[in-house]
Amino acid sequence: MYDKLKNLDRRWIFLLMFLSVAIPIIIIGITGQSFPEKPTDLAYSTFNAIEDLKPGDKVLLSFDFDPASEGELGPMATAFTYHCAANELNMYFMALWPVGPQMIDNAIENVIKKDFPDLVYGEDYVNLGFKSGGEGVIKVIVTDFLELFSTDAKGTPFNDIPMNKEISSVQDMDLVINISAGSAGTKEWVQYAVTPYPDEITLVAGCTGVQAPLLYPYIPEQLPGLLGAIKGAAEYEKLVFDKYYRDEGKVVPGRYQEGVRRMGPQLVAHLLMILLIIAGNFIYFVEKKRGVQ
Amino acid sequence: MDRQKLIWTVVFAVGALGLIINALTRDAGSAYVKSVDHEFALVEKGKWVDVESDDALDFDLEGKERIRWSSEEQATYRDYQQSKQAKSDESKYSFSLSMTFGIWVAAMFTLFIMSFLFKDNPFYKFAESVVVGVSAAYWMVVGFWDVIIPNLFGKLSPSFISNWAMPGLSGEADFWYLVPLVLGIMLLWRLAPSGTWISRWPLAFIIGTTAGIRLMGFIHADFLSQIRNSIIPLAVFENGSFLFWDSFLNLVLIIGVLTAIVYFFFSIEHKGVVGKTARVGIWFLMVTFGAAFGYTVMGRIALLAIRLEFLFDDWLWIIDPAMNRIAGI
Amino acid sequence: MRKLILITIALVIFTLPAFGQEEELPIVVTASDHNWDGGDKIDLKWELPQDIGENVATFKIYRSNTTDEINAIIKDKKSKAVKDAKEAVTKRLIENAEKEGVSKDDKGLLQRIRDERKSVADNASQDITDREGDIRAESEFKFLTVAGKNETTFTVEKLEGDIAYSFKILALDKDGNILLSGITDKSISPVAQSFDGSRFFLGIITLILCFSVVWFIQMARRGKPLKVRKIAGLEAVDEAVGRATEMGRSILFVPGIQDMNEIQTIAGLTVLSRVARTAANYDATLEVPTSRSLVMSAARETVQASYLSAGRPDAFNQDLIYYVTDEQFGYVAHLSGRMVREKPAACFYMGAFFAESLILAETGNSIGAIQVAGTAMPAQLPFFVAACDYTLIGEEFFAASAYLSGEPEQLGSLKGQDVGKVIVGVVMIIGITVATIGAITGSEAMMNMLQFIKSTVLG
Amino acid sequence: MKRTVPLLITAFGGFVLIIAYFIPATQGWGETVAIWFDVLASIAFILGGANLLKIHLKKMSDRQSGWGFSAVTVSAFLITLTVGLAKVGVHPSLNFPDYTWSGSYREMGSPFWWLYEYAFKPLTATMFAMLAFYVASAAFRAFRAKNIEAILLLGTAFIILLGRTFAGVFLTSWLPDSLSGLRIENLTVTIMQVFNTAGNRAIMIGIALGIASTSLKVLLGVDRSYLGGGED
């Protein structure tokens, strides 16, 4: 046992990890069943931040991530967009990452076009597109959008878009939602938007697991709501789609269950991780014992 | 041909066969598109209108010059099947060879990269070479169209840029942007045979300004705001009643921050009281790292999950959570 | 009877103001520039004639629209009116056509639609032009906000420096009837001050920090010995280089994946200069793949300088410092492939790292290289701590550059940093004491003091 | 000329921006410079690209081992660059149909999009996903309970790993509400909000100080290693 473990080729570990993720995906994918979710307070406060807004309120959604982290953040983007659309909020999409616009288009395609076909581009939602410069962009648009966003993603001049007439800077937004995979992202939004204008700007965010720990220090003063990793996404998905589907006795479409679904592989893989750590320490202690003898 | 080679050949052959059968019998890995037509008419000098748009009704489009093209949108296998059943003679949905090929290429690349886990091999080397070439060029293209054009030439001569690349662009020329232009040229002087030292000037400028910005930015945003957030009462009351647990947590938080800061002290050796305090500080740091580890693991597994979902869903058609192929909600 | 009369009179007196003319008892509104700002704020103050202050419920605050804003409003109204008119007529005609079974492409129909759209459009815009005067009048002021009955001041923000504004205040009762109104007698435009007062304390603190760093550096320059504690992992740098030389394998230095506008990259390059000098002395091969073109340029300068100072400029080969790709994972794909093939004996990861940290550390570990990491990316620290032989945690990483430089004056900066930490401790303890006492006693003074510390000093 | 002037430029640029931070009229300079930096970085791509080509073409001409892969890199690079810069297969923007170049270089269906979607994206995403495997092997190999520090790290990781899944909820759901604070999901939150916050704050404050003094050293010319050699 000990010697087996001791000289275990790490490729076996790789194989285990592969299986513990692959098998749940296939099973859940075929059966459509997954584990239940129990939202935490942070998920609730994020949910409420949007619930508390009135129809027609202005929300800025900054999609600061790329396909590399779509696995974690895609479900959040979908759920956020759905939640805003369902509450009849005016959505202003923007991106600090070059590929952000594609993430925005996905959200618009999968949520707005499919479930809210009567929303009008330019009146209910607008895609302001990507601007390079990371935190620099934030610093500028907290006081003036036009300086950088002279046009929207389609090249329409900023002021020719009806819903843009009501906004001159981020401070005019009733809520800023940031989905971020790193820098520039939530940290920068807190540093350069919320810190200088604590009264004007409210920020809630969804972030990757890596980022979450770094953002907790900003909670709750600068960051009232935060969704951490796929778990956060799953919790939020549950809150949103319970409200709009299950509570009305409807079945939730598969595309709105990505987060919950991915918690399956998560569980198995996490257990594997724990087993590996235990196994590793088993070796360590045996070694120590033998060392003593 | 030794045994190992033989085994591998067999494995690959069987796998390939399976894939082909899967593809031929179930259309697995095929992609479909919806074609969208665009047509514009020149109604008066320099004014084009979409013939479908409301504005078009203001003009007589008879014999006006036209611009036409049709673009593609991604469609699902379900859309395609439904439109086929609908028997509409000019169906907008069609099979896309380029995207189907793309899906297979993407799947192959995914497997090539993963093969590195077994051991370094030509497949991985190939994938590696491709990703380096493509990504380097990708970022250069992004830099050109998203930075150089709008933020350099767009500022120096808006009229010139708005004449071809960004028709929406307006505004006055801002000659301050000659500074980055000149610095940029100095930078490129490296490629010149002599006087390459001139390229240190732009570097010096970049480093100097960076230092200035970061110095203030971090003192203001991180340093001060973190102190501010740490100023919390050690006794928490809620409408008159003392909350022990919250007060206790606040105390722990403060102790954590202070001891961990002591750990970073450089002036004093970690001995005696300082040593003990620093030790407590390290404990807090370790808990922090543990938390970071736990969260990071989550993220990584999700990433693997989505790659495998791609293989099983888009490529092999084993699972279909988003109901893209079978009719459903 | 007399009672009744009295009541009636009382009622009349009380309700009079409601019917009174606005001009009779105007609110006195005074506007003054807001101090220590960037020239975008104006302070408003207003006073009511005492006698009727009682039944005021709220104040409404307005600012004058600029000419451009008014023109914009008119333009919008016009375009909207035209659009609506056109849509209406089109809808009507199409519907009729459908009733009569005329096809949508019928020439006559289209012609008719065109004509009617044109005429209604002209009428609509003409109508607006006629009413332009009224529109200008009614859009002279722009509503800003509502203030409570007890408030007498308000700071208007987001104003433009070169525009002269005037302000209007309405006093309303609880039913929303206008009791009184007042307008600033002369218009005013905000003025930008030469110093941002809100950053006064920030300036002080910055000065203290910078001064202490500079002061200790001076001390060191004067040859005063500075005692600083050892940092584990720094000795490892030379050791690793040495080992690489013995094994006759190369050294890999990864300066992070951020560009030169990241201090961590600069700190990383400082460490690189030391590594390069040692490598030059030992005559070991040093390879520096970078993920940014600028970093490549800077790294070449750095390494060249080190080889020069080590007295072996001839040994410097700039092709070993090369650009791979800006893409994080393209870069990592290249690095891990390279590591497995070249098997460097020592790997340094010094700079800003993200997810790639673990890929690098694990690959490096699998080829049995000595690994020394330094980063200020908290998220990546656990992985470096776990997988590398030595890790410089956060601030230690910046300190390392000072240690490794071997110049005593650089150590002065570390003392300066410690002063900063003392400040943190002191401010925190004071603040917490105040906050706690405030929470226990609930005293107003303490709360104000806390407010001052939190929002003014640390604001 | 070679070292003095750069030192002056560094110091001047830095201190100007520091002072500008306190003067309302000039507070925007930082952003402007940030935009300038992006421009410079984009221009620098030419250096990087030239270097990339140089290295790989050299390999190919010397027929070094694996020169074939260099050929792959070079062709991938050149193809992507061409289709991207020339906006091959990109239609005009719908608002300006008569401006051939007005379309987005990322337009769906264009070759550049194809390369992004089916080469760039899967390759980088898979590389990223490899972390799941490395995390596993690291956990097995490196997380040993050698001392209190290590045990704390492990223990926290344990609780988080459990608490962030249904398993944790399941394991401790039997606890009465009076002890709900010990339920693993709540424990996770406590750890994150207290211990993790404390640790991160200390790290952040330290980093801020480190960055401040490093910047200062750079500005004062105490640390000039990046400036390269050559006589003054």
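Think of it as A, B, C and D in the order they're written, each chain with its own count starting at 1.
In the analysis below, a residue touches a chain if its C-beta (ideal position, glycine included) is under 8 Å from a C-beta of that chain, and two chains touch if they have at least 3 such contacts.
Keep in mind that what you see is a predicted model, and the values were worked out from it rather than measured.
J.: Ranking chain pairs by how many C-beta pairs touch, which one is first?
T.: Maximum number of inter-chain contact pairs occurs for B-D.
J.: Whole-Å distance, chain C centre to chain D centre, using C-alpha means?
T.: Going by mean C-alpha positions, chain C sits 19 Å from chain D.
J.: How far is the middle of chain B from the middle of chain D, if each middle is the mean of its Cα atoms, in Å?
T.: Once rounded, the distance between the two centres reads 11 Å.
J.: Chain A: which residues touch two or more other chains?
T.: Only 10, 14, 17-18, 21, 68-71, 132, 155-156, 210, 212-214, 217, 229, 231, 266, 269-270, 273 qualify.
J.: Find every residue in chain B that makes contact with two or more other chains and list them.
T.: Those would be 113, 116-117, 125, 127-128, 131-132, 134-136, 138-139, 147, 151, 166-168, 187, 190, 200, 203, 206-207, 210-211, 213-217, 219-220, 222-223, 225-227, 229-230, 254, 257, 261, 264, 285, 288-293, 295-298, 300-301, 303-304, 306-307.
J.: Multi-chain contacts in chain C: which residues touch at least two other chains?
T.: Each of 199, 202, 206, 209, 261, 263, 266, 294, 297-298, 301, 323-330, 333, 355, 378-379, 381-383, 385-386, 393-395, 399, 414, 417, 420-421, 424 in chain C touches at least two other chains.
J.: Is the way these chains touch best called a line, a ring, a star, complete, or other?
T.: Graph shape, chains as nodes and touching pairs as edges: complete.
J.: Spell out the residues on chain A that touch chain D in their complex, using ranges where they run on.
T.: Per the touch definition, chain A meets chain D at residues 8, 10, 13-14, 16-18, 21, 35-38, 40-42, 67-71, 99, 101-102, 132-136, 139-140, 153-156, 212-214, 216-217, 219, 229, 231, 263, 266-267, 269-274, 276-277, 279-281, 284.
J.: Okay, in this complex, where on chain B does chain A touch?
T.: The touching residues are 117-118, 142, 146-147, 151, 166-171, 217, 220-222, 225-226, 229, 288, 291-292, 295-309, 312-313, 318-323, 328-329.
J.: Which residues of chain D touch chain A in the complex?
T.: Of all residues in chain D, those touching chain A are 28, 30-31, 34-35, 38, 93-96, 102, 104, 106, 116, 121, 124-125, 128-129, 132-133, 135-137, 139-146, 154, 157-158, 161-162, 164-167, 169, 185, 188-189, 192-193, 196-197, 200-201, 204.
J.: Contact residues on chain A for chain B in the complex?
T.: 11, 14, 17-18, 21-22, 25-26, 28-30, 32, 68-72, 74, 98, 130, 132, 150-151, 155-157, 191-192, 195, 208-210, 212-214, 217-218, 221-222, 228-231, 251, 253-255, 257-258, 261-262, 265-266, 269-270, 273
J.: Any idea which chain B residues touch chain C in the complex?
T.: Against chain C, chain B makes touches at 54, 57-60, 113, 116, 120, 124-125, 127-128, 131-132, 134-136, 138-139, 187, 190, 199-200, 203, 206-207, 210-211, 213-216, 219-220, 223-225, 227-228, 230-237, 254, 257-258, 261-262, 264-270, 285, 288-290, 292-293, 296, 300.
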